[in-house]
Amino acid sequence: MKKFINKTDNFIIDSLKGFAKAHDDLVELNLDPIFVTRKKINSDKVLLVSGGGSGHEPLHTGYIGKGMLDVACPGHVFTSPTPDQMISAIEYCQPKNGVLFIVKNYSGDVMNFEMASEMISVDHQTVLTNDDAAVINSSYTSGRRGVAGTVIVEKVVGSLAELGGDLTACKKLGDKVNLYSSSIGAALSSCTIPAAGKPTFEIGDDEIEFGVGIHGEPGRKREKIKEASLIAEDMISVILKDFEEKSLNIKDSNGVLLLVNGFSGTPLSELYLIYNEVSEKFSAKGIHISRSMVGNYTTALDMAGASITVCLLDNEIKKHWDSAVMTPSLRWGNEDV
Amino acid sequence: MENDFIIKCIDSVAQCIIDREDEIESLDRAIGDGDHYINIKRGSSALQSIKPELEDIPTNEIFKKIGMTLMTSVGGASGPLFASFFLSVSKHIEEGDNLQKFSQAFALGVESIMQRGKSKLGDKTMLDVLIPVSEKLKVLADDSYEIKELTKQIDLVAQASVKATKDLLPTKGRAAGLADRAIGHIDPGAKTCQLIISTICYELNKT
Amino acid sequence: MKKFINKTDNFIIDSLKGFAKAHDDLVELNLDPIFVTRKKINSDKVLLVSGGGSGHEPLHTGYIGKGMLDVACPGHVFTSPTPDQMISAIEYCQPKNGVLFIVKNYSGDVMNFEMASEMISVDHQTVLTNDDAAVINSSYTSGRRGVAGTVIVEKVVGSLAELGGDLTACKKLGDKVNLYSSSIGAALSSCTIPAAGKPTFEIGDDEIEFGVGIHGEPGRKREKIKEASLIAEDMISVILKDFEEKSLNIKDSNGVLLLVNGFSGTPLSELYLIYNEVSEKFSAKGIHISRSMVGNYTTALDMAGASITVCLLDNEIKKHWDSAVMTPSLRWGNEDV
Amino acid sequence: MENDFIIKCIDSVAQCIIDREDEIESLDRAIGDGDHYINIKRGSSALQSIKPELEDIPTNEIFKKIGMTLMTSVGGASGPLFASFFLSVSKHIEEGDNLQKFSQAFALGVESIMQRGKSKLGDKTMLDVLIPVSEKLKVLADDSYEIKELTKQIDLVAQASVKATKDLLPTKGRAAGLADRAIGHIDPGAKTCQLIISTICYELNKT
């Protein structure tokens, strides 16, 4: 294992300290228990709290700021945070209009947030994200995984909360964005958890893991690497099928948001190449891309690979997607509005 | 159930986990996300660091402290599940309880895992060790076996049921995404439960 | 070699097409010869033209837009563009107030831009960036390499040009920012040029290449991997020595900009960890960090590793650093100003 | 210098470069950025695609077209240098020039590389093959050797001087950053120049 690291046990803390210093105009880091909040807490708005295992940076800490999250509770690498983190963060922020938890659908995250939820008295709701279309037969399992679509949920709900939306409205919008989003990824390499010291899975020099999760969890199938165009085709058919199963019309005239997300080890140039393949095939199918994002937004440590996420844009989602945002890792629109 | 014995078990279990690192770790790498060893090691270190606080408190308080410590240190899926177990046991156990009472508290602890995890026997999780063990414990406690025989039988059940998780199709936890690709692999959480139980059996046997 | 790619020969074009589509609100791609321009060309300002081999994305195409570049001419992977690209781009833009070339100091780039320069009639100047402090005894060689400091030059000069600065002023400011910037990098892995198909260099499982270039060129020394804190220390001493040799005071009260740049294969969490190490050591030395950037800004294909760049901020540089910018990969400030 | 011969050389050089891929590529990977083979292959493919345009034009035009094609296809450091060479030669060569005249044009071409590259003998670049070859060519042309002997001698000089780049300390181009770590490695640009020269010598010999 080769990483820029001191002691593996301190990895998360060392990294969070650097993050907090580099963005000390926007965020504040609390240790013991660990949570990150906006620099200026607005206790009048619905408090947006997310969190999850570390190793997916910039998710979630990088999305704290105006127009997006208020709080992120980072767990250890690939391990959900513990309830005391959420509880302390909420005590610290003193929200007057309720708390919305945004939680990726993994047993660990769900249970830890649930325990926190049972132990707080403030009004709260939870949006569970489960945009990963890789998991087949999800009705037999604990469900689909939450992956890069979570960023879209956080951005869109963040905008509504910033503009004064109440808890019920935020929860409703979050559930809608999640429903409207489907993702599918493929890995070219494994990732290595610092404390484990070795790759999570073995993969041949000519293989890809199709449908991989953002923790290097095995996906739908292991197959031989092929042209990006063919991989894109496979990804698109999973997404199309998923929208079909959800009875959602991907050809809606408002268009879709296409997010090409890197898992961190794949260069931007390749992500753009995937974007090109998907957008060409979409345009042949009459699917209109009206918003785009290409980059490392939900990563898996050092894993090489990428996912695509498609989110249907109705007027409400589009409006909140376009609104100003000012966080360490997502920033657009007018900053003093 | 004496405090000293529980503290001793904390140490033995910690040692056992460290000794079995490779095995535990490779299981979660195969069908999970590779962190289970790190998680339970963190939990068992946290328990070791609270040992002094456990010396002179009532039995139910011990279980509560263990539960709270696991809750705030382990994280992941196994953290809240182990925590739920101990917190539940702490509510149903009292100073000087006999084996029958203990086996009832144990069963209620296992039940709280099922509630927290919305899971049941056969989901290819830690429950596939804990439920058979709990059931056996009830039977043996009722029949008031000798400690030697009791620990032997419990250990056998734990060993057999962990092996049996190999053939199960996962429906809960991270492995669920894998579906039938997980068949042939032992569930990591089941493995650690078996190791913990076997270690405690071994310690009981020495008393 | 595992990459998201179709045919290696088409890699750059496929990727650029995706880039141009994903950012069609900001940029426009021209093929044959290849160059990328802003969507809306302002021929009244000094035209900022950069370019270089591909494989360093988002450099330079990702920095096209308001407040930064007007044109980028991407070459093949790690190979400088050819003069016809620059010449055609300038013809296309019809600049009325001169052209400033921003060129990283590599023989190939220098010579190709020089040839272009000899073949155009419009008034022009060139800023050569050479911020890489890795190269020792540079007086005996063709000089230091231009690396991540180039982004700072492009941002700062971009601001001046946007605000109406003339060619002479832009050239002068560019030279100053370059002089005020020093960089040093370390690689944990090699990179693989798509057309070559195998890693540019071999490196042991426990080795790092200290002082590596952004093309995987060997650096100062090959050494055993060590704690990030120690690597950071080595990096800092190279930077301090360089400022000393340039007779510049790094403890200037205005503070410095610290850029922790990833080469692409290293996750953001590790970059923040490096930031933490450097900022702790800087603060112990009385060096004040007043601006920060952490991310993949000047990459080397899929190479794992990172560099730090320190730029002294005088009032002029600070003002132009802070001004609004709206490009695919750098975006802040108010967008409609 | 007949058009047909030049076109033939374009093909032979292209083939030679392809045949020696591994060697050329590994040199630039060792002390450069690994793209030299790709660059010159792209250049030689571009030349092959303009062969029809070269058939019926004056000699100086051929060299100019070659220079412009290399200029707009190769890129990197070697592109403008090769381009400068051919563009310079095109200015100093005329239909039916004898060997002496050609050797002068060749020398001026090499000089234009030195100007473009701000480089000289001993910098561990292509010039460390081109300069010795150019000098030898001048001497041999003046002494009006037989073509067989001339090509043999030129080839020998090219071979010897490319080997000699091994021991040089690089001061130009990407290898410069390496300083003495580059010692022991042959310069890739020097290698391709030698290959091109040796190939042309071989073709000349066949005429």
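Order of writing sets the labels: A, B, C and D. Residues in every chain begin at 1.
The working rule: contacts are C-beta pairs under 8 Å (C-beta built on N, C-alpha and C of every residue); 3 or more make two chains touch, one makes a residue touch a chain.
Because the structure is a prediction, the values reported are computed rather than measured.
Participant: Chain by chain, through touching neighbours only, how many steps does the shortest route from chain B to chain C take?
Facilitator: The fewest steps needed to get from chain B to chain C is 2.
Participant: From chain A, count the fewest steps through touching chains until chain C is reached.
Facilitator: Between chain A and chain C, the shortest chain-hopping route counts 1.
Participant: Among all other chains, pick the one whose mean CA position is farthest from the mean CA position of chain D.
Facilitator: Farthest from chain D by mean C-alpha position: B.
Participant: Taking the mean of the C-alpha atoms as each chain's centre, how many Å separate chain B from chain D?
Facilitator: That pair's centroid distance is 74 Å.
Participant: Distance-wise, how many Å sit between the C-alpha centres of chain A and chain B, to the nearest whole number?
Facilitator: It comes to 32 Å between the two C-alpha centres.
Participant: Averaging only over C-alpha atoms, locate the centres of chain A and chain D and give their separation in whole Å.
Facilitator: Averaging C-alpha atoms per chain gives centres 54 Å apart.
Participant: Residues touching two or more other chains, restricted to chain C: which are they?
Facilitator: Residues: none.
Participant: Of all the residues in chain B, which ones touch at least 2 other chains?
Facilitator: If we look for residues of chain B contacting two or more partner chains, we find none.
Participant: Which of line, ring, star, complete and other names the graph you get from chains that touch?
Facilitator: Per interface graph, the chains form a line.
Participant: Which of the chains touch, listed as pairs?
Facilitator: Here the touching pairs of chains are A-B, A-C, C-D.
Participant: Taking the touch rule as given, give the residues of chain D at its contact with chain C in the complex, in rising order.
Facilitator: Contact set of chain D toward chain C: 25, 29-35, 37-39, 42, 71-81, 83, 116-119, 170-174, 176-179, 181.
Participant: In the complex, go through chain C and note every residue touching chain A.
Facilitator: It is residues 2-7, 11-12, 14-19, 21-23, 54-55, 57-58, 62, 188-189, 205-206, 208, 225, 227-229, 231, 260, 264-277, 279, 289, 292-294, 296, 299, 301-302, 304, 306, 331-336 of chain C that touch chain A.
Participant: Can you list the residues on chain C that touch chain D in the complex?
Facilitator: Touching chain D: residues 33, 53, 75-84, 106-108, 111-112, 114-115, 132, 134-137, 140-143, 145, 193, 195-196, 200-201, 213, 215-219 of chain C.
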